[in-house]
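So, here's a batch of structures to check.
Two complexes follow with chain A in common, the first pairing it with chain B and the second with chain C.
Presenting the complex of A and B:
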C-alpha cells in the first residue's frame, strides 16, 4: 500500500501544493478555482476522490504541502471514505499538514452523532477543523482565505512559523462533556 | 488518461495549474480522468518588472526554503531520538513546550523592540551630528522635552513634599482625637464618682442633726404650750405688762406641730 509521504520529494520554489480529498467531488472544484486566484505565489491544487492515490502519477506528482479532507455531514459515505483514506497517509502529515473541512453542518439532515464523531476524529489527530459553507460565493471565498492561511504556513512562506507550531495553536479539542446526551 | 503537463518547472512564475488525480476506488467506475488546466499568461510587467522585483522574490524564496529545511531537520531529529512515553505524559510535555515556546517568542519580540529603539536612537544621534536644519529642529525639540521633563520632576518633588505634610497633619489630628477621647472618658469617670465618699459621711451627720432639731423643736413647742396654758389659767393681764407682752408674742412664732 503506498503511503503518501510528506518529505519524500523536494519542495517547489515559490509554490505550494494542496490536495483536496472529497468523495462527492462537488465543492472541490469551486474551491480549487478560488484557490488558484492567489497571486503572490503559485498554488497547485490537486483533487482526489479518496486515498490512496494511483501509482501512475507518482513520479509527476509534486510534494504535497497540505492535505484537506472535505467531509459532507449529510452523507455517511463521506465520513467513511475519509476514515479509510486516513490510513493511507504517512503519520508525518499529521504534524500540521492535514486539515479537515466540514460542509453542510447547518443542514437539518445532518445527524449530531456524525458531527461529534468528526470532532473526535479531528481532536484525536490534533488537526484543525474548519466549518465552511459551500453554496454561496462568499462561503467559498471565506473557505479559500482560511485554507490559504494554513497553506502558507505549511509551505514555509510565513517566517518564524512552521506547520507544527500552527497546528498546536489551531488544533481542535473536544470538551469532556461531548459524550453527555444533548438537550433534545 | 489525459493530463496537461504544466508543472512548476516552467520559468514563468505566474502560471497556475490545477490537475485532477484519479482515485483508486475499486467500488465505483470512474470512466473519466479529466485534467483541467487553467493557466494565465505572463505578467504584464515584462522583463523590467521582473528584474526589479527579483531581489525581494529571491529573499522570499530563500526564506521559504530555509523554513522547509528547518521542518525536514526537525523530522530527522525526531526520528533519531525515539523514546517511548504514554500519551498523557506526552500531552503534558506538549503543553509545557508550547508555554516555553511562547515565553521564548515573547523574549525575542521584546529584544527586537529594544533593538529597534537602539537603532532609532543611533539614527537620531547620527542626524544630530550632521548639524543641518533638521538637526536644529531636532535639537530644539529635544531641549523642549528636557525642559518639560525637569519641570515634571520638580512638580513631582513638590507634590511629594505636600503629600508628606498632609500625612503629618493627619497623624496629628488622629493623635488629638485620641487624646480628646481619653480626656472625655476620664471626665465621665470623675463625675460619676466625684461626691460619693463625702456625701455619705455628710448624709449621716445631716440626719443626726435633723433628728436633734426635731427633738428640740418638739420640746420648745411643748414648753410654749405649757406656758400659754399657765398664763391663761392664771388669768393674768399680760397686755399691760411689757415683759409679759413680749413673752406672749414670741409664743406664737413656732407652729404647733403634732
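Presenting the complex of A and C:
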C-alpha cells in the first residue's frame, strides 16, 4: 500500500502545499478558495475525499507540508472515513504535519460519544484539534488563518520553529476523566 | 380583405370557445409574436374578432390561411368531444347516480371530477375522485379512488379511449406535474457516452487541485445517466416489497426457513430522485447505479414487488383492470 511520505520530495521555492481530506467534499472547497488568497507565499491546495491518493497523480504531486482531516461531527461516515485514511499516512507526518479540523460540533445532532472519540484520536496521535464553523464567511476566514499559521511552520517559513516544536505546543490532550459520564 | 372573408372570420371567431382560442391560434402559428401578445384573451369576443381582422389585413392572410384555422379547431375539438360523450355515457351506464364534470386545460389535459353515488344515495360531493387524462398519451392519473370504484372507472376509461385494457402503473406521488414529467420523460436526460467531454474547469484556481477528480467525474456521469441531470421531478417515496428468502450466513435459524421473508423497504424524501442522484455521485451508493434504484425513473414507477424468481426487480403486476 502506498503511504504518503512527508520528505520524499524536494520543496518548492516560496510555496507551501496543503492537503485537505474531507469525506463530504463541501467545506474543503470554500476553505481552499480562502487559502489561495494568501499573498506572502504561494499556497497550493490539494483536495481529496479520502486516502490513499490515486497513483496516477504520484509524479505530479508536490511535497505535502500539512495534511488536514476535516471531520463533520454530525456524520458517522466522516469519522470512519478519516480513521481509515489515517492508515495511509507515513508515520513521519504525525510529527507536526497533521491537523484535525472539526465542523458542526455545536449541532444538536452530533452525539457526545463521537466528540470524545475524535478528541481521543487527536490526543493519541499528538495532533492539534481545531473546531471551526463552516457556514459563515467569518468562520471560513477564521479557519483559514489558523491553518495558515500551522502551515507556515510546517513548510519551514518561520525561522527557528519546526513543525515538531509547534506540535508540542498545540497538540490536543484529553484529561483522564474523559471516560466519566458527563452531566447533561 | 373582401366581405365574404370578413364574415367567415367573424363566424369562425364566434364558433371557437374562448378557452380554446389561444391554443388554436398557437397551433395555427400565423400571427407574429407582437400580435399574439396584444391579444388579450380576457376581452370580449367582439374585441378579439376586430383584432383578428386587423391582423389578417396586416399579415395579408388569404382565405386559404383562414380556413386552415377552422380546420385546426375542428380536428382538435372532435376528439375531445367524442371522449367526453363516451366517457360520460359509459360511466352513467355503470353507476346510476354519478355526477361528472369534465374540463379541458390548455395543455392537452382533460380534468374529470366524479362524485359517486349508488342506486339509493345521491352523489357524494365531499369525496370526489379526480381523473386527469392527457389526450394524446396513454396515461391517466387518478386520485381518491376506492377499490369498489376502480373497476367501474377503468371500464369507462377503456371504452371511452378505445384502448384494449388498463393496468396499474405502480407510480404515486403528491405532485401531478412531477409524476407526469417522470412518465413522459420530460426532464433532462443524459445518455451514456464512452468519451465524456472535458469538464469546463476554467473557473477553478490553478493552485487548487482535486486529487480524485476522475473518479468523482465518473460517479457524476453514471449518476446522471441513471437519474438525468438538471431539475428532477419531485417524487416523495419509493416502496420495495421484498418476498425473497432470507440470506445471511451468520443467522442459521432464519436462513433455514423455506417460506420467503417478507419485508417492506420504504425510501422517503422531499425530492427522492435528487437524493438518490446525490447518493450515487458522492459515493454513498455504489456506481454503476444498481438497477433497483435506476428503474424508478426508467420504468416510471415507485412501487416494486421483488421475488426470487426473476433477475433484478421482477415486478409483478396487479391484475389488469378490464
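Following the convention adopted for this analysis, the second predicted complex is superposed on the first by the 184 of 184 C-alpha atoms of A that agree within 3 Å, B and C clash if a C-alpha of one lies under 4 Å from a C-alpha of the other, contacts with A are read in each partner's own complex, and residues count from 1 in each chain.
Please note the rule applied: contacts are C-beta pairs under 8 Å (C-beta built on N, C-alpha and C of every residue); 3 or more make two chains touch, one makes a residue touch a chain.
Given the structure is predicted, the values throughout are model-derived calculations rather than measurements.
In the superposed pair of complexes, A:92 makes contact with chain B only, with no contact to chain C. Residue contacts after overlaying the shared chain place A:12 against chain B, while chain C stays out of touching range. Once the two complexes are laid over each other on the shared chain, residue contacts for A:43 go to chain B and to chain C alike.
Contact with both chain B and chain C is seen for A:32 once the two complexes are overlaid on the shared chain.
By the document's definition of touching, both partners, chain B and chain C, reach A:54. After overlaying the two complexes on the shared chain, residue contacts for A:159 are found with chain B alone; chain C is out of touch.
Touched residues of chain A were counted for both chain B and chain C, and B has more of them. Shared-chain residue A:145: touches no atom of chain B or chain C.
Put simply, chain A uses residues 32-33, 36, 42-49, 53-54, 56-57, 61 to touch chain B in one complex and chain C in the other. Touching chain C in their complex are the following residues of chain A: 19, 24-25, 32-33, 36, 42-49, 53-54, 56-57, 61, 77.
Interface residues of chain A facing chain B in the complex, by the touch rule stated above, are 7, 11-15, 32-33, 36, 38-39, 42-54, 56-57, 60-62, 92, 155-160, 162-165, 168.
Here chain B touches chain A in the complex through residues 1, 3, 5, 7-8, 13-25, 30, 38, 57, 60-61, 63-68, 70-72, 74-75, 94, 98, 101, 105, going by the rule given at the top.
By the touch criterion given at the top, residues 205, 207-212, 214-216, 282-284 of chain C touch chain A in their complex.
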